[in-house]
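I'd like to ask some things about the structure below.
Letters A, B, C and D name the chains as they come in the text, with residue numbers starting at 1 for each one.
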Amino acid sequence: MVKLNYNEIRHTPSLSPIQRNIHDIIFEADTLWGKVFDITLLILIFLSVTITALDSVDSLNIKYGSFFNTCEWVFTILFTIEYVLRLYCVAKPFHYAISFFGIIDLVAILPNYVGLFFPDVRFLSVVRILRFFRVFRLFKLVHFTHEVDVLVESLKRSIKRIGIFTFYVFIIVFCVGSVMYIIEGPENGFTSIPISVYWAVVTLTTVGYGDISPKTPLGQAFSFFIMLLGYGIIAIPTGIVTSEMLIPKKKVITTQSCPFCCREGHDADAKYCKYCGKPLED
Amino acid sequence: MVKLNYNEIRHTPSLSPIQRNIHDIIFEADTLWGKVFDITLLILIFLSVTITALDSVDSLNIKYGSFFNTCEWVFTILFTIEYVLRLYCVAKPFHYAISFFGIIDLVAILPNYVGLFFPDVRFLSVVRILRFFRVFRLFKLVHFTHEVDVLVESLKRSIKRIGIFTFYVFIIVFCVGSVMYIIEGPENGFTSIPISVYWAVVTLTTVGYGDISPKTPLGQAFSFFIMLLGYGIIAIPTGIVTSEMLIPKKKVITTQSCPFCCREGHDADAKYCKYCGKPLED
Amino acid sequence: MVKLNYNEIRHTPSLSPIQRNIHDIIFEADTLWGKVFDITLLILIFLSVTITALDSVDSLNIKYGSFFNTCEWVFTILFTIEYVLRLYCVAKPFHYAISFFGIIDLVAILPNYVGLFFPDVRFLSVVRILRFFRVFRLFKLVHFTHEVDVLVESLKRSIKRIGIFTFYVFIIVFCVGSVMYIIEGPENGFTSIPISVYWAVVTLTTVGYGDISPKTPLGQAFSFFIMLLGYGIIAIPTGIVTSEMLIPKKKVITTQSCPFCCREGHDADAKYCKYCGKPLED
Amino acid sequence: MVKLNYNEIRHTPSLSPIQRNIHDIIFEADTLWGKVFDITLLILIFLSVTITALDSVDSLNIKYGSFFNTCEWVFTILFTIEYVLRLYCVAKPFHYAISFFGIIDLVAILPNYVGLFFPDVRFLSVVRILRFFRVFRLFKLVHFTHEVDVLVESLKRSIKRIGIFTFYVFIIVFCVGSVMYIIEGPENGFTSIPISVYWAVVTLTTVGYGDISPKTPLGQAFSFFIMLLGYGIIAIPTGIVTSEMLIPKKKVITTQSCPFCCREGHDADAKYCKYCGKPLED
């Protein structure tokens, strides 16, 4: 996926005036028509997703099935036209097509066409809800974007530790599931190792559906320790994310810049630059 | 909603002596009668809510239904009189009526009257439990109020990040629910997309009722990842709230500035600047 | 409850030599016999609790009921003798009787006697497991005791905020339960307001038994928000406890004591006492 | 268990050239053949575990049972040869045999042989998934190893507090379970104290299977408080782990002490004392 710099594209000389106008309306939200277009698009997405969801309800499908079907095709055709226009009005259509939003825009229309051959797949068109992310751009929610950045940054820095953590959890649930399969056996609902591993995940994550639960005293005693383990394990990702989230806060505190070497990152109570030893101004 | 400054109202000259006396009893908790009134009110609220709750239990309703009914009407009439008195004894009745407690006081009596036409609605009168918040004022729990402020402040500052977080969770459960609907299908309890989304929420939040649970191996494998995802996701709001809660601690401490060396970061109980030893002003 | 200073009691002149010897064995763990006594006691407690637990299992009760019964009476009589001896060998028996361990020691033997009249109550004798706390004293687990102190101190400082938090949760579950009772009604398992409140607690705490779960679309949509709320709410006590736990760490850093006013609590980077303004020694 | 220093072993003079060559292939991942061996091994482990898991599924076992059986024996024989070679090519076979990976390597092949006498035990061979930990060594994931160290260190320092915490939880669930057994009784599914304790664990850890749930109003009211308690209790391990995780961050920063003013608390990248401006020694 390639992050597309729209401005760059816009000022590429190869675009004809028509392309530029369409581009201004479809890709920008600064002009009146751009805003009208974006808001209309959000409403259409919302309607389209809602109708797909309602269409899956049997009682509603029987009553309004053909109406829903018509709507969905109208939306799909509109989104297809929009997608083609987007491809048409950018200087590098391929760049757009493989960008994050380009892929989502394509994925949003494909399921309906594929649904002609595999009817169930058409429900996948609800993924066009992902197009809602454009809302951040439309309302110039830079502040929100910043918040997202902080969250994402925290998560990124935790990703390695969370990855290892997941790896360990995976191995633990596999071992726990296998032991449980031997303890409880098929007659108590633990019909196979995959099922037992599924039970282990359901238990360790404290979801606890209850569709499978230990019946023998030994199995229940074993579950006892698994649940206490899960108790401790749930603390780990929380600890990781929390401790990562506290790091940027400390960075913010250090606002001073050394007047001699211009380096930042001094503690609030520092009197001398810790890099060059010159006194800091208050 | 308008935050009402009671003192301001009290000293408004337009109030007659009777109004003032009633105001002192109903709105203040400094005088003996004021305290008696407030305690009586809390007891009545407690009794009223308890009776409404018990009235909803079938076995008790059959036995004591008419007694409960009488009680509820007595309470409702008493609360109505109180509400009218409150409106009468304040200088700006409209201000009171649209204040936080004014709305709650009204909502506490409305359900019974509406219940004459829609019987079930009368159970909504349990919302008069919200009037319990007056308890903070009655017992002069300023310290508690401060604690609440810290909590509320922490939450307020996290609200944006939690908002974005909720937005993402909403999109995730929608996509997850739809995929699950296609994987499992109506024959395994995932009768529609809304139901599947409901399942996704129940799973991601680790509630796990078990009324709907994946039956196919593919669905269970998919659930595996959703649950691990939920594991990670539950860490995020915790991280947000915890990191926000750690900020006020520091903020509260650092309010004073040394008048001599202008350094900040003194504890609330510091009398002398810890950097230059000069006395701090209070 | 009164915290008993054992040393004080021991050196009270009114104790006869026999009382002192018994006291040394029963209350102290420094002498050989004292250790033997304490270890024997822990073993007896463990056996007694295990037997009570096993006695409650039907299949075992039928086979070994009379044996279990005999054991339990032997244990009860032994613990009764021990309790009487404890009362006998302390200078202020009443002080002991109302101390934390004095009450637990009494509670540990009472259920069996009460069980003569109300058979089920005898199972309450498992609370003698609380006597296990003596284990900390026996093994001189001062380090553990310190750890417990840190935990308890953190919790104590959080208790007010957790109290308010519980108060709010109580009000929320009451309102949520009532609304759910009106939405779902008795035909979907929400048979009364107390049951609906119970459901609200089960859902908000993410326990999710599934014995009661929303059936109507409106109820499920409402649950959606309750669960997301629970998601956020679960973050609050975690945030409170975590932020409190981080405070003692900072306190520990402040080891300096002002040589003039002898007050402690100075920051690590303080040069002058913040209470009296005198310079601190490094 | 003894941590084995492979290098030390390798350079022990008692190894013959053949042993050294085998050692280089089996224990090292630096040479081409060493890498080929390790990757082959990981693939074999993965296949072996997958086949054992699939073998436990009834429908697959009926179809492909004999094929799975053959595969498992091939894998077991290969792993046995590998284990014997490992023992052969190290200078101190006993040291290897009792090292962490030595035990796992043995445990990975034993279940199949034991399975000849106790068929169910052969499923325990999935514990050979633990051999996956070698993956860290293979891909030189030193960075990951460091991350694991931080995690493990945090957990180690929390282990005491978590131990005490578990001890308390154990006592709480025992008491809660017993009280619940008396309240609900066998007719509501709480058939014995162990079962009730199991219910208490399932509830406190917010797993909530729902196979046992309170039926009487008193039991539900009691559960109410247990769940709120669990709410608070789940916060404790999280708080412990999080606060421990935040310490290394600070510890890493504060290692240097200024040689002139003896003040500590300098960042890892500080070259000059931030209090007196004198250069810091590295």
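Odds and ends about this structure:
To be clear about the criterion, contacts are C-beta pairs under 8 Å (C-beta built on N, C-alpha and C of every residue); 3 or more make two chains touch, one makes a residue touch a chain.
On a predicted model such as this, the values are computed, not experimentally measured, just so you know.
Taking shared numbers over all numbers used, the subunit A to subunit B interface scores under half, which places it in the different class. The best fit of Cα atoms from subunit A onto subunit D calls for a rotation angle of 90°, in steps of 5.
Centre-to-centre separation of subunit A and subunit D, using mean CA positions: 29 Å. Rounded to whole angstrom, the centroid-to-centroid distance between subunit B and subunit D, based on C-alpha atoms, equals 42 Å.
Chain centres here are Cα averages; for subunit A and subunit B they lie 30 Å apart.
One simple way to say how far apart two chains are is to compare their mean CA positions; for subunit A and subunit C this gives 42 Å.
Contact of a single residue of subunit D with at least two other chains is seen at positions 194, 197, 206-210, 234, 238, 240, 242, 246, 265, 275. If the chains shown are joined wherever they touch, the resulting network links each chain directly to all the rest. Residue ranges of subunit A in contact with subunit B, taken from their complex: 49, 52-54, 56-58, 120-121, 123-124, 126-127, 129-130, 132-133, 143-144, 147-148, 150-151, 154-155, 162, 166, 169, 194-195, 197-198, 201-202, 205-211, 234, 237-238, 240-242, 244-246, 249, 268-269, 282.
The touching residues of subunit C, when paired with subunit A in their complex, are 206-210, 238, 242, 269. By the touch criterion given at the top, residues 160-161, 163-165, 171, 174-175, 178-179, 181-182, 185-186, 191-194, 197, 203, 206-210, 213, 217, 220-221, 223-224, 227-228, 230-232, 234-236, 238-240, 242-243, 246-247, 265-267, 269-279 of subunit C touch subunit B in their complex.
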